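Shared between the two complexes below is chain A, which has chain B as its partner in the first and chain C in the second.
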Partner chain A sequence: MTADIFTEDYCDTLCELFNIGMGRAAVSLSEMVDDEVLLTVPSLKAVDFNTALSIFNTNSPGKVNAVEQSFEGQFSGNAFLFFNDESSLQLVRSILGEDSWSSELGEMEQEALKEVSNIILNACFGCIADILSCELESGVPGLITGEINEVFDIDRLCIGDEPLVLTLSMTFSLPSKKITGQVSLIMASESIKRLIAELERFTTLYV
Partner chain B sequence: MQHILSDIVFNNTNCGLIIIDKMGNIVDVNQWFLQHCRCEKEQLLNHSLLDCFAFDNERTIKRSLDQATQYGMSSFISGALHPRLFPLFTRTNNFSEFMEQSCYVKSITFDNERYALFQIQNVTDSVNRECLLKIKSKELSIFSLAVKHSPSAVVITDALGIIEYINPKYSEITDYESHECIGRPYFSLGRHANNEKVEVDIWRMLEQNKEWTGERSNLTKSGNKYWANEHIYPIVDNNDNVSHYVAMQDDVTQFRNISRKFSYQAIHDALTGLINRQEFEVILSNTVDGRSNDNEVHSLCFVDIDQFKIINDTCGHVAGDELLRQISVLLGQHCNDDETVARLGGDEFALLLYGHDLSQGKLVCEMLIAAVESFRFRWNENVFKIGISIGLTEINSQSTSYIEVIKQADSACYGAKDAGRNRYHVYQEDDQMLAQRKDDTYWATKINGALELGQLTLYAQPIVSLQNRGKISYEVLIRMLDEDGNLIPPGVFLPAAERFNLSHRIDQWVIDNTLAWMYKHHDEISHIDHISINLSGLSLSNESLLQYIIKAIKTNKVEASKISFEITETAAIANLTHAKLFISALNAYGCKFALDDFGSGLSSFAYLKNLKVDMLKIDGMFVKDMLNDPIDEAMVKSINDVGHLMGMETIAEFVENEAIRDRLEEMGINYGQGYGLGKPVPIDGILTATTEII
Partner chain C sequence: MDSSKSVLVVDDSRLTRMIITKLIRTHFVDWKITEAANAKEALACVDKEPFDFISLDHNMPDRTGYDILPLLTQSQPMAHIGIFTANIQAVVRKRFEDLGATFYGKPINEAMILRFTNRGE
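And now, the complex of A and B:
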């Protein structure tokens, strides 16, 4: 199966859903840090696994910090939110309001990154589950640090045949900074088909 | 059984577990949680979680609960963003403190109902560790920033001297980027032929765990040399092993340049750029002391510019300075690079000729004298001929100290001056004249003695008319007699008299005795036109001497017109104002004046306008060779012509033979004087007028 089956229309619909989720996440984050946070997802793309890898390698060379959450239900897969090293530091330190003495993420900073990413990822799934009225369950978030290839290790992910990657760039707008992160959903082709089915049901009903 | 096992596990887990239902009520809670929240199970079961505890951020708890129980989403609540989420306590060493926690909220399903499982972990140790780490890393950051932004270049190497770190200042000084340095041996950067030896010294110190401090030159990446004040020290670990070396460099190139300029100024003469006396003495001292064997000889020359004072006095110090500069250039041009030329002060220069014995030194002296002789100093309209006197001595196995050598060269230089200037004189240990000259009072005593004991005597030399065979005149000359009655020529003691301020006393003695002689022999000198008396430069400014002469003329009833005074050109010019006064005062009584040695020194016809003299005595140097040297002849002729034009009579000195006499006669010179016309004789000898006139 190729990425073609996930047409531009589905991309747009899903992107809309994610943006609703992002709105909710932004509210949660704003409450938490007691300052305005805006989250936006400008576009979404569906690509095959290897293409996704090469895109990520080009866009985020070097070490990345990724928060991974698995999800299961009517469709299943793994969701990732990752930042390059510098963005991770900027994001966490903006939120924690800390001085930047070190160029490494500390233990507590990693925890904070995990929580923030969890809020965003949950908002996305929560929104999909809510709006599409489907059953989904997500696992607890985990942090993986390393090169893109290590994060997206196909053997570790046990993702099934011909996985597709739905990838979207997201932007954090903090009062003093704009930080870009990447959200990716890796799903087996079967799951993608089920997601498409859900999206079709939704569009028939509401669009 | 299984159910019981789950309960055991549930209550023995090393983390807090709470199960919340859809309504937000606590369904179950484990022992760990109860222990740390200091509550009884009954206080919590079936109560709303939000009612049981006062949460700082209730919304976060509520959101996590909703997501878990309604949508099956799991959450993570971090200790970083929500410190002390639950009011839990930890007990360590009987000291109770708040527990730092992180919390997973997992959605679980049981009997088709969704529940939220709160899983609380104690992260107090992590948080404390993190805090400590943060403090340490902040501290480290400050240190590393301090090194990074240090105004000194800092390089850190491993125990083998391989570079591990360089700071930006090091890059700034050397142009080496960090990646070009790391992994390379520290000493391989900036190495050049002259600093390799220092490396060995540095390593010797470092290997003894000692630090090395010093100034060293290194090369930049592009090969430019820079000077660094360098400090290298080992970093020793807890086992006393060197783990690293730190090298710190401060670029002192600019500072060295300034200090080099200062040290240059300290050892050089500002006017001529030659080294000065202090430095010369150091070099000389090293040369004298540093002779390696008896065969090693050097020559030392003291050079003095003849009549320098006159140029300084007549043309001003600016001219004098310029002359010194030009002479210094001239000396430099005629010396090799390895020879030392110095200005000792005033018009004195010194040359240290390495490896020159006396015969080689003499050649250099001759060359220098010839070079200066052919040099002309031009100042405004004037052109001056310059002469130098050189004292030469050898530095050899007999030389005891540099002070002794300087004294020898100085004495020899006086010797050269006394012998008539514009020549060199070699110092010799058995040179009686110079040996005596070492004692400054020798001649003062001698002349004073001669004046008192009557050891001075008058001689006279005829001045013959070349044109009309008219009356004869005489120049009075002085001779000194030593204890044995031998004659001492005036060339020996007159320069000394001048130096010791005794010349006016000699002048006075000559005037006194000449006038007395003329008075005594008043009737026997009618065949003589006039008697000529020499006056030194110092006498011209001596007012009492002038009065003395006037009084003598008056009392002795000598015809003033029979008296003539000879003043040397250089003395007249050096004391121009006094000379003019002196001349006009005695002119009034009818005394004549002659300008002696005209042409020898500075010869400016312009001065003749200011000096009302009656006669010009053409310097013998031109006369004696005039038949062979057309330039000399032209000089004689032109002095004669100008003199005549200005209404002066001319006298030629050094007329040594008939051919010269004939030529002078032909040229229209008025008078002649010299061995060819008559030798000096004791003054009484002229009374009978038996002197043979050629």
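And now, the complex of A and C:
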């Protein structure tokens, strides 16, 4: 399986579904922090694993806090929500209140970050599942702190023998609170094939 | 609603342009539909011909729908402009409504398209 299996039309369809999903997620986040959330245009690439690492390293250089959540159903994968240290703390303070002035992510801050990520990722993927008439079950969110290579540990991710990776990225930000986050998606080859089948079924409705 | 109308569909997603076009054609076979894949194309289209309806996306790669809405309104004061966007935050909706546009949150469905196309009648 090569990257060109994921054609421009599939990219367009998945980007738009992701755009709608993140729009829903932005409403949830906006309500939590009482501020407007700015969203970028989503970008999507189907690449090999090393190229994916390089893309993520460019998008999120240095140490990151990544909340990882698996999803399973007609297709499966792992969704990641990245924040740098400052954004993580600012986000937690926005939700827990300004009294929370810890200079690092303690246990409570980590729990808060996981929960807000859980809400964002579920809003996004729940919406995509609804549109595609699929059922996606999400796993328990986990927080990984470290360099991108540690977050995307190929052995832990279990992405199979043909590690073609779908990197789907969209950045959201709250300018007044200096918070920037990025949602990314990583899927193995077999699952990408199943996703393509779902996208084909969906787009046929409108041809 | 027998007289033929013209519609400009502005969205960077081909899928969304297909959905809007298909839903309009389902009800209005004779309507002329023009597609624009970004803000630049949209501005070029409104310079060339008049439209009765313009569906406008917000989050596009070159300029946002909010950026070009005043230009579209100025160029086509008679057109009914509907914003079709995934960014459904209340503050975003209000910003567009303050400029006189009607706001529709994605995903797009048939009822939305019927409301949008009946507005200009």
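Heads up, the rule we're going with is that the second predicted complex is superposed on the first by the 175 of 207 C-alpha atoms of A that agree within 3 Å, B and C clash if a C-alpha of one lies under 4 Å from a C-alpha of the other, contacts with A are read in each partner's own complex, and residues count from 1 in each chain.
The working rule: contacts are C-beta pairs under 8 Å (C-beta built on N, C-alpha and C of every residue); 3 or more make two chains touch, one makes a residue touch a chain.
Bear in mind the structure is a predicted one, so any value in this text is a computation, not a measurement.
Enquirer: For A:Ala66, decide between first (touching chain B), second (touching chain C), both and neither.
Expert: A:Ala66: touches no partner chain.
Enquirer: Taking the superposition as given, does A:Thr203 touch the first partner, chain B, the second, chain C, both, or neither?
Expert: Second partner only, chain C.
Enquirer: State whether A:Thr13 touches chain B only (first), chain C only (second), both chains, or neither.
Expert: In the superposition, A:Thr13 touches chain C alone.
Enquirer: Is A:Leu81 contacted by the first partner chain B, the second partner chain C, both or neither?
Expert: After superposing on A, A:Leu81 lies clear of both chain B and chain C.
Enquirer: Determine, under the contact definition given at the top, whether A:Glu109 touches first (chain B), second (chain C), both, or neither.
Expert: It touches chain B, and chain C stays clear.
Enquirer: Once the structures are superposed on A, label A:Val37 by its partner contacts, choosing first (chain B), second (chain C), both or neither.
Expert: second
Enquirer: For A:Ile131, is the partner it touches chain B (first), chain C (second), both, or none of the two (neither)?
Expert: Touch partner of A:Ile131: chain C, not chain B.
Enquirer: Report for A:Ala26: first if it touches chain B alone, second if chain C alone, otherwise both or neither.
Expert: The answer is second: A:Ala26 touches chain C but not chain B.
Enquirer: What's your read, chain B or chain C touching more residues of chain A?
Expert: B
Enquirer: How about chain B: which of its residues touch chain A in the complex?
Expert: Listed in rising order, the residues of chain B that touch chain A are 57, 59-60, 63, 67, 71-81, 102, 104, 106-107, 109, 123, 126-127, 129-130, 133-134, 137-138, 141.
Enquirer: Could you please specify the touching residues of chain A with respect to chain C in the complex?
Expert: 9, 12-13, 15-16, 19-24, 26-27, 30, 36-37, 39-41, 131, 203, 206-207
Enquirer: Which positions of chain C touch chain A when the two form their complex?
Expert: Touching chain A from chain C are residues 12-16, 18-19, 22, 59-61, 85-92, 105-107.
Enquirer: Touching chain B in the complex: which residues of chain A?
Expert: By the definition above, chain A touches chain B via 28, 31-32, 69, 73, 95-96, 99, 101-102, 106-109, 111-112, 114-116, 118-119, 122, 125-126, 129-130, 135-141.
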